[in-house]
Every structure is written in C-alpha cells, then in structure tokens.
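What follows is a group of structures, each given as structure tokens.
In what follows, chain A forms one complex with chain B and a second complex with chain C.
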Partner chain A sequence: MVEIANPGMLELVVDLVLMPIVAFVVGLALVLMARRVRAKIERRVGPPFLQPVYDIVKLYSKRTQISHGWMHDVAIMLLLGGFITAEIFLPVPGMSGLAEHGDLLTLIYIMMVPMLGMALGVGDCANPNGSIGISRALTAMLAYDVPYIIAVVGACMVYGTSNLVEIVQIQQAGGPATWGIVTMPLLAIAGLISMHGMLGKEPFEIYIAPAEIATGPMVEMSGKYMGALFVMQCFQLYTVGVLYTTLFLGGGEMWLTFLPKVFAVILVFVAITNLFGRLRTEDVIAWMWKWPTGIALLGLLLVMIDV
Partner chain B sequence: MNDQVPVVGEERPETCRAPDAEERSLWRRVMDQFADHCRSRSLFVLHYCTGCGAVELPPTITSRFDMERVGVSPMVTPRQADLLLITGYLSVKTLKRVILSYEQMQSPKYVLGFGSCTINGGMYWNSYATVKRLDQYIPVDGFIAGCMPRPEAVQQVILDLMRRIDSGQANAWRDYYLDYDTYLGRQAALFGEEWHTPTDVVAEARHYGYFGPGTTGVHTARLKNYTEWALNQIPELLPERGRNEKART
Partner chain C sequence: MSLLDLLLLLSLLTTLYLYAFGNHRNAGHLGMVVYAVATGLVIAMAGPLADGTGAVGSTFAPVMLGHVLSWSMDGLGWFFALLTTGAAFFASWYMSGEWNAEQPNKRIQHGTLALNVFCMLLLLSSGDLLSLFIGWEFVSWAAFLMMTQLGSHAARAAFRYMLYALAGAMAVFAAILIVKAQIGSFAFADLRAAVPALSDGLKWLLFGLFGLGFGVKMAIVPFHLWQAPAYSFTPGASSAFLNAVSARMGLFAILLVLGKLIGFATLSDLALPLIPMDAKTLLMWVAAITMVVPTFIALMQTDARMLLTWHGIGQGGYMLLGVLVATPLGTAAGLMHVLNYASYQMALVLAVFAVIHRTGTADLDELGGLIKRMPFTYLALLMGIIGLAGLPPMNGFVSKWMIYKSLLDTQQPLLLIAAFVGTLGTILSVYKLIHNIFLGQLRAEHQKVGEAPGSMLAPMLILAGIGFATGFFPGLALGVVDVAQAALGVELLPHGLGGVYLATGSLNMIWVVGIMIGAIGFGAFVFYVIGNRRYGVHQFDNYAGGHFLSADIRYHFSHEFYPGLARLIGPWYRGSVVNMENGLMIGLKTAGDLWHGAFRIAYTPFYLLVALAIGLWWAGLDGGF
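Up next is the complex of A and B:
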C-alpha cells in the first residue's frame, strides 16, 4: 500500500477533478432550463431532456473541421481552461478546491481569461463578422465590469474578507438576515444587472447578435470548436449562477439548498432576457455606466457609512 | 507531419481508404451508432430563403409546430449548420452562393430541396436564368414536392431525414467528395470555365479519406492553374515557392 503522506492533498486532488465535472453536469441542466423556459415563454414545448448532450456529442463527432491556424486551436484551450480553472476557485457544498488559497480577486482575474482567449482565436479567423463581434465583446466587458467590480468590492467590505469560503461561512452562520441581498440590497441589484451583462444575454447581447453579425465571435467556429463553445456555455451559466449565490444568496452547506438558488438566479436572467430586444453598443455602455454603476456607487456609499 | 496533412497543390499518390464496416471494432460501431443518433436528434438548419418558401418556415420552428421538440434549431452561419434548406427556386447567381455555403459547411452535412423548383424547375422551367435540377450541382438528401409545401410537409421530410441519419443511410455528402469532378463539371457548364471556389475539395477528400476515382478528372485538372496562381501570389501559403523567395534567389 502506498502511504499517503498528506490526506489533505488527496482530498484536494479529488476536488480538483470533481469540481469541473459537477460544474459541467449542472451547467448542462442550466442550459436545458434556459431553453425550456424560453420555449415556454414563446408558448412552445421546447427541446427534449437530453438536447444539450445531443448537441455537444453531435458537434464533437463531426467528420471534418476547419482550423484557422494554431492560435485558433490554442484559443479554444484558453477558453475552456479559463472556465475550468474558475470552477476550482468557486467553493460549492462539500468541496472548496483552491478557494481557500485564492480569493475573489483571483477569480475575477481568471474569469477574464476566456474572453481574452476568444479575442485571440477570433482574430486568427480573419472574418469581419468575428472581428466586429470580438470588439463588441470587449466593449461590453468594459461596460459591465465597472458596476461588477464596485459590487464585488462593496461585498468584500461588508464581509470584511475576500475569501469566498469565509464569505459563505459568515452567511451560513448568521442565517438569511446576514445574506448579501439583505445587508446590501443595492449592491445585489447592481451585481445582478452586471452579471446579466456578463452572460451576454439580451438586452446586452451586442456581441452575439445572430441577425446582425451572424453570432459574432462564433461565426467561424465549426465542429469541435463549436462543441467547445457549447461546453463553455454550460460553464459560464454555472460560474455566474454560483458566484452570485455565493456573494449575495448565502452560498450553501448542502446541495439541496444550494442548487435551487443557482437555478433561481439563472431563471431570473433567462426570464429577463426574453422580455427585451437588443440594445446598441453605445447604448449598452451608456446604460451600464449610468444605472447599475449609479446603484452600485450608492450601495457602496451606504456600506461605507454603516462601516 | 507533412506526410499526414496534404498541402495545397502538392502531388500525392491517390489512395482511397475504404471504410469497411465489418473490419471495425464493436466499440467503434457502437460509438458510431451513438454519434449517428445524436446527429439525427440535433439538426442545426441554415435556411437559404432567397426564393419563395420563407413564409412556411416560421410556423415550422415557432409555436405552431415547434421543431425544437426534435432538436431542429435555426443557425445563421454555414460553419455551424448541419442542414441546408434550399427553399424555392435558385437563379444561376444564387446557386453560386449556395455552392459556396455548402462547401463551408462541415461534414456530415445534409441538403433538403424545398418545393417543385428545386426538383425540375417548377413554374420557372422555361426561364433562362433559373436552375432546373438542384441535385445536379450539389448532392441532395431529400426533396419536398409542392408549390409551396405546407409546414407539415417540411416536418415530415425532416423526420424522414432524421430516421435515415439515425440508421446511417443519409450519406449524400460523401458523393460530393467521391464524384467531385462530375459536380464541378456541371457547375462549370453553368457558370463558365473560370468557375472555382476557395474550398479545396480535393485536398479535403484526400485528408479525410473520401478520395475516390471520381474525385479528380478532366474538370479538377483545371483547378491546378488557380492553386498555382495562389501559391505564387501569396507567399505565406508555401514559402519556398512564393514569388518573394524566387526574387531573393
């Protein structure tokens, strides 16, 4: 028998393997929910239960695919790798992975990697729709990151720490009265809007825009590349849902109470998405820098006065 | 590396790797059937609606008939799409764009002709500017007769296509690789001898193992001029043969 020198290390390795897998499976369910809810709002039946799996398996089993150069290939790895790394830094019930070693700022930094990867890869495609799409994506990032960072910094000030594990413990110990959405409602609203922008859904869907720039960054993605983007969508929904739940909805000590919160957050996003059309790029920046940023600054002011 | 990936314009021995179902392992066959099932349940459709027929598609995909129930959803670029739906007549000009879009789609890919015009020209059979038979220029998996076919007919043919994909019979896309010379000849007869596309279908057929005796021939020999021209004009494609290198030496 091999003697395990450090039991904590084994647990960490198990966490590192399990967390992305759990994220992917939950993400598939989130994608299914988003499509079903959209169908219900449009009075349709919607896709079958295994539709996200069918889509991903089909895309990965395409017989031919087009690569536009080595940066295109590397970018896909950056894209997926960025999100898989982000899952490791997100504490979930029973698994904290590297969340105790890195904090919220590390997570924010890592969550920008996929967008950067996309920009590099799409640049290699040399498709004008893709270039417009990626310039819009980076513009959107500039728009939603301002209220997002203010909301996150305000949350860190209220909790007195930027360690996500401790943030969850504080909220779990104090009950719903200490949840972020109660103690800092304005920051929670600003966070919700900015994370909606982060998902790239309507009305902030400026860089996908199928009818205008033919899905922007995804325009040249085929076969396995598109499959990687579908996997990325699962991770993206999961990451945003879990991050919001952790910061403002008390996180969770068990999956039974944790997952409904994550699904509820994504349900709010999906429901809002289907009510709106698409804003123009400059309107997104103007709106994001006016309303969510204003709400976030007001929330930050209240937090600082209380402190 | 160079042995596996054929370079544009490079002469290679013409071999055909015949995929033999009996030789493949049980694992491979099971996985292929699973992949075929997933392909049949997830069809991303590119609508080519320059003719008529665009009116019949919204009821098909929206709340009246909701084709998303069986995994059919619209896509906006040929790269992401599996199924090319040609609705209505094609003029000679639009057929060029159809062929460009078709070659950008990734295999396995399927084409459905929609309405009488794609079958025999329909009410435009006497026109000098429209294409009579779509399946002479690209391989077609199925036709829907009628002028116009109702959404129910569209659903019926898509369900039929799904059944054939599931059982591994919808392989018309291989014909484009295997008989490329014939297809290119018919296209050139319509568009003129200058006709060529940016996609190197012959190199793709070699690379993916769909090279057959009909892939190259009289018509594809003509394409060599264009690849030679491109290789000489764009040094990045093949640096040792580029114009700049020649000038330097």
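Up next is the complex of A and C:
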C-alpha cells in the first residue's frame, strides 16, 4: 500500500471550496472570451464584460420555470454536482484537492456523470426533439471519446502514471522539452480535436442544431434549468482547458503561467469553430474515427515503440 | 458431518421438497429461508479458507470404477458459492409474493432454482477432475431444465444451449481423459505437478479443449450465440439468477483448471507460430472481442431482456480479461467484477421483469414514460445501469477502474482501449434502455399501470443498494475477493475500505462518492434556494413543432434510437458467427443424413459391390493375380 501525504484539514476545506469557485469564475471569463472572439470574427462589438453574469442572473430570475418531473429537477443537481466533483479531482496550481485519491481515469468517468444526468433529465421532459438531441449527443460522444481515450492512454503510458499531480510534476521538473505536446505531438493533436468535439462546437454541434430540432437537449429548459446549463458550459470550458493544459502543456506552477495556457487552448477552439458548417451525425463518427483516431493510433504506436 | 456435507444435503433436500411441493403459496418464503441458511453456512466456512491453502472437505466419497470421487471446497469455490446462494436468496424473494401467485408453473420455477443451486454447489466443491466433470454436466442439465420451463421460444433457445453445452462438455471430457492417460490420475494436485513436464503440443491441446469447453459456458466469442436468447426468455427470477451466476461457472472452471492447475504463467510460455503472441495473450484478445462485439450487438436490440443479456456476455469478457492480467490488481479486479456484475445485473433483470409483469411487454418500441407510474422500479433500473455502464458512484466503476488500471500498469494499451470502447457502447445502450422504458411519452394504455409490488421491489432495490454500498466502500467486496485470490495463489492486493492506493495512481471511493454526494447536495441547494420558483406541468403537457401533443399522438422517440450510428456501423453487423453456425449445422445435417442413409436403407447389392471391390483390391495388393 502506498502512503500518500494527506493535506491538513484546513487546507483541504479551502481546496474544496476554492477549486469549484475558481473554476466557475475562470469559466465565466472563458465564456466571455468565446463570445467576444465570435463577435470580432463577425465584426460586431460583442457583449460587455459582465454579460455572462447578467445572463445567469436573468435566467435564474425568470418567471417561467417549468419542471417536467423529478428527474428533470435531479438532472440539474447532477449537472452542477458532477462538475463540482470533477473540479475537486483536477489539480491546479497551488491546489491539488483530492487528486491523490482519484486519478485521471476516475476524472474521465466523473465527467460523464453530468452528461448522463443531463440525458436523463432531457428524457424526462418527453419532448421528441430533446430525445433526438440526446441520441445525437451520445452518438457524438462515442465518436470523439475514441480518439480522446487513445490520447489519454498514450499520455498515461508516457508519464508512467495516471496520477494527475505527478503528471504535472514530471512536466514542471523537466521543462518545456518534457511537455506532452513535445514528447507526443500526434497524441496532442488528436486530443485537441477530440476535446473540440467534446465541447460540442461547430462542426460537431449536430445535437443542438437549432433550425432542425429546436436546440435539442435544451428545448424544454427554461429559467434556471437553462441557467444551470449555462453554468455547466462555464465548468465544461474550464475543465477541458485545464485538462488539456495538464496533459500536454505542462500544467502550471503558478496561475500567471497556467491561465494563459488554458485560455490559449480554448481560444484555439473558439477561433476555428466559426470556420465550419455542421457535420451530420454519421459524418461526425466517420470523421472522428478516421482522422483523429488514426492520428492517435499512430501516436500511440510511437509511444509503444519508445516505451 | 462437515459444513460442506450439511450445505449439500440441505440443498438436495430443498430441491426434492420444492420439486414436489413447490406449488404451495409459501414456497418462495421457504426458499428465502433455506438460501439464507445456506448463505450462512457458506459464510461459516470462510474461517479455514482465508489463508488460501485450506479447504472444507466432504465425507461423501463414493468409489466409481476404482476411482474415489472427492468433494471439497476451497477459497475459489467458496467465493462462487457465496455468489450462488446469495443470488438464489434474492431470486426466491422476488418469487415469494405476487409473482408467485400469478405463475402457472411455480413448482418448476422453485424446483429448478433449487436444483441449479445444488448442482452449482456440487461443481464448486469438486475435489478432482472426475467430480469436476460430473458437476459440470449437472450444472448444464440443470440450467437446461430451468430454461425449458415455458416451452416455445425459450425451449428452442434452451435446445440450442444444450447443443453448445454438450459440445463443450465433450471437449472437457476429452481433455480429462487425455490428462488421465498422460499422468494416470484425476487428482488436481497430480495435474498441477505434472504440467511443467508436459510437451508444448499437449499443453496446447489441453488449453484448447478446456478453453473451448469452459468458454462455451462463459459464452466467449465465437461460442456466444446461445446465451442471450436462452437467458432472456426464461421467466423472471430464474432469468436473473442465470444472468448473475450461471455463466460464472465457466469462469470458475477456467480459473480452476487454466489458472490454478495449468497456470496462466504456463500459458504465457506457449508461443504461437508465425505471430508474436502466446496462448494467454490470445485468450486476452478473445476476452477483448467478447467485451466489444456483444456490447455493440446489445446496442441494436429492441427487447429489454435481450439487451441486458447481450451485455451480460460482454461483461463476462471484462471479468476474464481482468483475471488474465494475473497481477494482484488484475485478478482482484476480475473477481470483484463477478460480484459487482451479479448485484447490478440481477437488479436490472428483475426491474425489467417487473415492467413486463405490469405492462406485458419488454419491447423497447412499445413502452415509455413509466417513470411516473413505477418510480421505484425506475430507481432500481437507474442504479443498475450506472453500475453496468461503470460510472461512479456504483460498484461497477470500481472493478472496471481496476481492470483499466491493471492493463495500464502492465503496458497493454490496446486491450485497455478495447475495454474503454466497450464501456462507451454500454453507456449508449443503457441510456436507450432506460429512456425507452421510463422516460419520454407515456402510452395511453399504460396510464393506469401501478408500481411493482413490494415483494418484487424489495429485492431489486436491496441489490441496487448493495451495488451502491460496495461502490462507496469497495473494501467490503475486496475482502471477499481476497479469499478466492489467496486460493488461486495470486499475491493479495493491498486495499483499504475505500479502495486501492498504487504508486501510479489511486482510487479512494469514500472520497469520490462522499464529494459527489456533497456536491450534488450543493447542486440541490442552488436549485431549490436560488432563482425563481418553478412549477411542475403534467406529463402530457407538451408540444413539438408548434403543435400541442396529446396521448393519442405517439411521439416517443424510441424506434432506432441511434439512427446516425446505425447508418454508419449498420453494415458491420454481418452475422458472420451466425453464418458459421448455420454452415456447421448444414454440414452436420448432411453428414448425419449420409450416415443415416448408410445404415437405415438397405442397399444390399451396393454393399456387396463395395465388399467385392475392396476384396479384389486387397487381393490385387497381395499380388495374387
């Protein structure tokens, strides 16, 4: 049995409270960045600085808040709860939270809990557009998770551990030459593409498809239900950005060097997303299983030869 | 009289009694009491087995053709015996109330359950290869009786099962005879001692024959076709019992013979010609294919029972893969998955049969919206699917995590990716299951459907609860696993109540689940306290495309739930194994017809001609002419 250094009780409590709050605040800033970038591309002025906050306040205080049943309500709690749990197992500079008690594989599966909760809640709304949206979202998950998992497995092989704290330490100790993006560039590319799919940005947003299935999973979400989805988006952008930074960009010893990387990762996504149209579901799978999966398998092969 | 004698005797008497008087309305309750006592007896045996070398013997030792047959239970058998009696307890509970009252053939249901338990205990306590074969045959035939009870479709599936089982049994029997011919003994210890001296060819032969025989019971690809229909169309609790326990007898036998007697290490030394692969790696890849292919077949099912049983086949692949990794972590993972799978699969199958009990159908295209009518059944099914999909906080996550981790630590990324892909397919499939039955639109004919009765709800909710408890505190299950692992001679996995700590990444479920509960609680606080008041609408209050929808318009999106995926991977379902099976059947039938024709139809002149020709040829050889 391996002994691990337990943080002091006070430090742990601070981590438990601060990690989700930091994630939320940074997530809000990421949402703002995404919208501003989109506005710049479309030659609009874009939203003011506090617009994400205004949106959440607006949604939570709306008069129309329709519940379609208890699973619909529980789904909203699962969304928030699942992402808060994920943040606590995702180490960031100065705060490891509980990352020693659950590794990267655990984190991947914790991140699926809010997805499942959302799917169940949407199903309870009994709107066929919602169900079609979930069907497409889960199909897309099957598509992008294959290259994603190959990238994650390859990274674990390279670092020789699935402990996220150690993965960061290895890259921090070795400098940029040991960053994942240098030691396993193909896996880093595959990871970037699959995470783009995970965020559901164009061209992988067939499950929202407003003109076709009326925003799919969101179709019956009003008021704070929609607000919770907005909050989820903040967490999701943050989690994906931080996870990519941790695996491939060396993580960070302090926030000043860490946050720019997280923002850069998300900037890549939001900058290129507007270039694309929307792929059909089967095309999403076909493309994901062809290009990023091929690149990832090639990367994994290189890793296996090296290891 | 030893504890094992007592257990077998109790089990035998229960079988006889329930076969005779199983129609009594309290048969289910009697079964519960007996299986609870049997479980107690099994637990009482744990003491001497814990160190891995002990065994509880039986005084019953008949002599057959000069060989003394022996029965004794070691830690490995004990582990599976605990599973068997436990599963029988819940199955009997399910059959104790309303279910029992409405079944036309309750005597058969109770009787075959007791018979299966007895036969399995007999197999699990076999003390030599001959008693192993006897137990093996008993188990096969007992399962056959259980499956045929309803006749029609189930009987057809059961017959197919029997053909596979007989083929498997013949392979096992052949292997046992070869062992006897080579080393002159049926004793486990003699085989174990003689293995290093055997030639490679003989090892391959034994590996092939035992692997085939036991693999058929486990339904590893390509011997998997029989299992899903045979388990699915068996009624209620019997189906749940078969699902949870029956195929595990194959795993038990593989662990005993290939793992303990022949040894997985011996298998890794058996290299294949031409390709860089050994017998163990070959079996691991077979396990990986068994994880992935049946899972994606499950995804395409439209019958809830078939969906679950196809997943059962896939989950068997995870167990086999885990134990084949053969490190302390891998073995513990595979064995723990046996327990975990039994808990959630039983809960799932029982929940689906509760739905059938209330609505009369398991067709995923003809249900929907039952969450408001059967909320507790929904809860049991929900917890079950989270376990089956292997997500936290349920126990299925822990054992799967350990399997992933063991593959990662032994540097086998491709097998790990196969395991992940199987899990992804499972997530899609189980969502379809719960969505099509419980979410979406309620059909007009199901508006008056009520919740399942308490006697059916209690066992499935408790099983789901066990799944949650052993997910929260995996140490509970790992403690039981230790006994079997010690008996296998694999080093024990150090673990705590919350999980395992390894140098390369740890898992403590107490923290994971604790934080998750806290965070969801916080989510509930935000939901209820912050924001404007919500108001609920009726289940039927809905619209789509600008139209209000009512119960007479069917809008539940259920048929072909994943159309995009089906369009892409649909052509991959070519039924290759089904075609192989058909080809084999046609070949056998042709051979049978020829043979039949030869001895039933008297072509006397033809035979005379043949005899004459052979005679002339022989004479010609002799040089007479």
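Just so we're on the same page, the second predicted complex is superposed on the first by the 299 of 307 C-alpha atoms of A that agree within 3 Å, B and C clash if a C-alpha of one lies under 4 Å from a C-alpha of the other, contacts with A are read in each partner's own complex, and residues count from 1 in each chain.
In this section, contacts are C-beta pairs under 8 Å (C-beta built on N, C-alpha and C of every residue); 3 or more make two chains touch, one makes a residue touch a chain.
Since we're looking at a predicted model, the values are computed, not measured.
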| item | value |
| --- | --- |
| Superposition on chain A - do chain B and chain C clash or fit | fit |
| Touched partner set for A:223, first chain B, second chain C, both or neither | both |
| Which superposed partner A:46 touches (first chain B, second chain C, both, neither) | first |
| Chain B versus chain C as contact partner of A:112, first or second or both or neither | second |
| Included angle at chain A between vectors to chain C and chain B, based on C-alpha centres and rounded to the nearest 10 degrees | 100 |
| Contacts of A:146 with chain B and chain C, given as first, second, both or neither | second |
| First, second, both or neither for A:268, with chain B first and chain C second | neither |
| Partner chain in contact with A:61 - chain B first, chain C second, else both or neither | both |
| Which of chain B and chain C A:211 touches, first, second, both or neither | first |
| Touched chain A residues, chain B compared with chain C | C |
| Superposed arrangement (fit on chain A Cα atoms) - minimum chain B/chain C Cα distance in Å | 5 |
| Where chain A meets both chain C and chain B, residue numbers | 61-63, 65-66, 223 |
| Chain A partner contacts - residues on chain C that touch it in the complex | 369, 371-372, 375, 382, 386, 389-392, 397, 401, 404-405, 408, 411, 413, 416-417, 420-421, 424-425, 427-428, 431, 434-435, 438-442, 494-496, 498, 501-508, 511-512, 515-516, 519-524, 526-527, 530-537, 539, 542-544, 555-558, 561-565, 567-569 |
| Residue ranges of chain B touching chain A (in the complex, touch as defined) | 34-35, 38-39, 41-42, 62-63, 66, 68-71, 76-77, 79-80, 82, 104-108, 204, 208 |
| Parts of chain A lying in touch with chain B, wherever the complex brings them together | 35, 39, 42-48, 50-51, 53-55, 57-58, 61-66, 210-211, 214-215, 218-223, 226 |
| In the complex with chain C, residue positions of chain A that touch it | 1-4, 16, 20, 59-63, 65-71, 73, 76-82, 84-85, 88-89, 98, 100-106, 109-110, 112-113, 116, 119-120, 123-129, 131-132, 134-136, 138-139, 141-142, 145-146, 149-150, 153-154, 156-157, 160-163, 206, 223-225, 227-228, 280-282, 284-286, 300, 303-304, 307 |
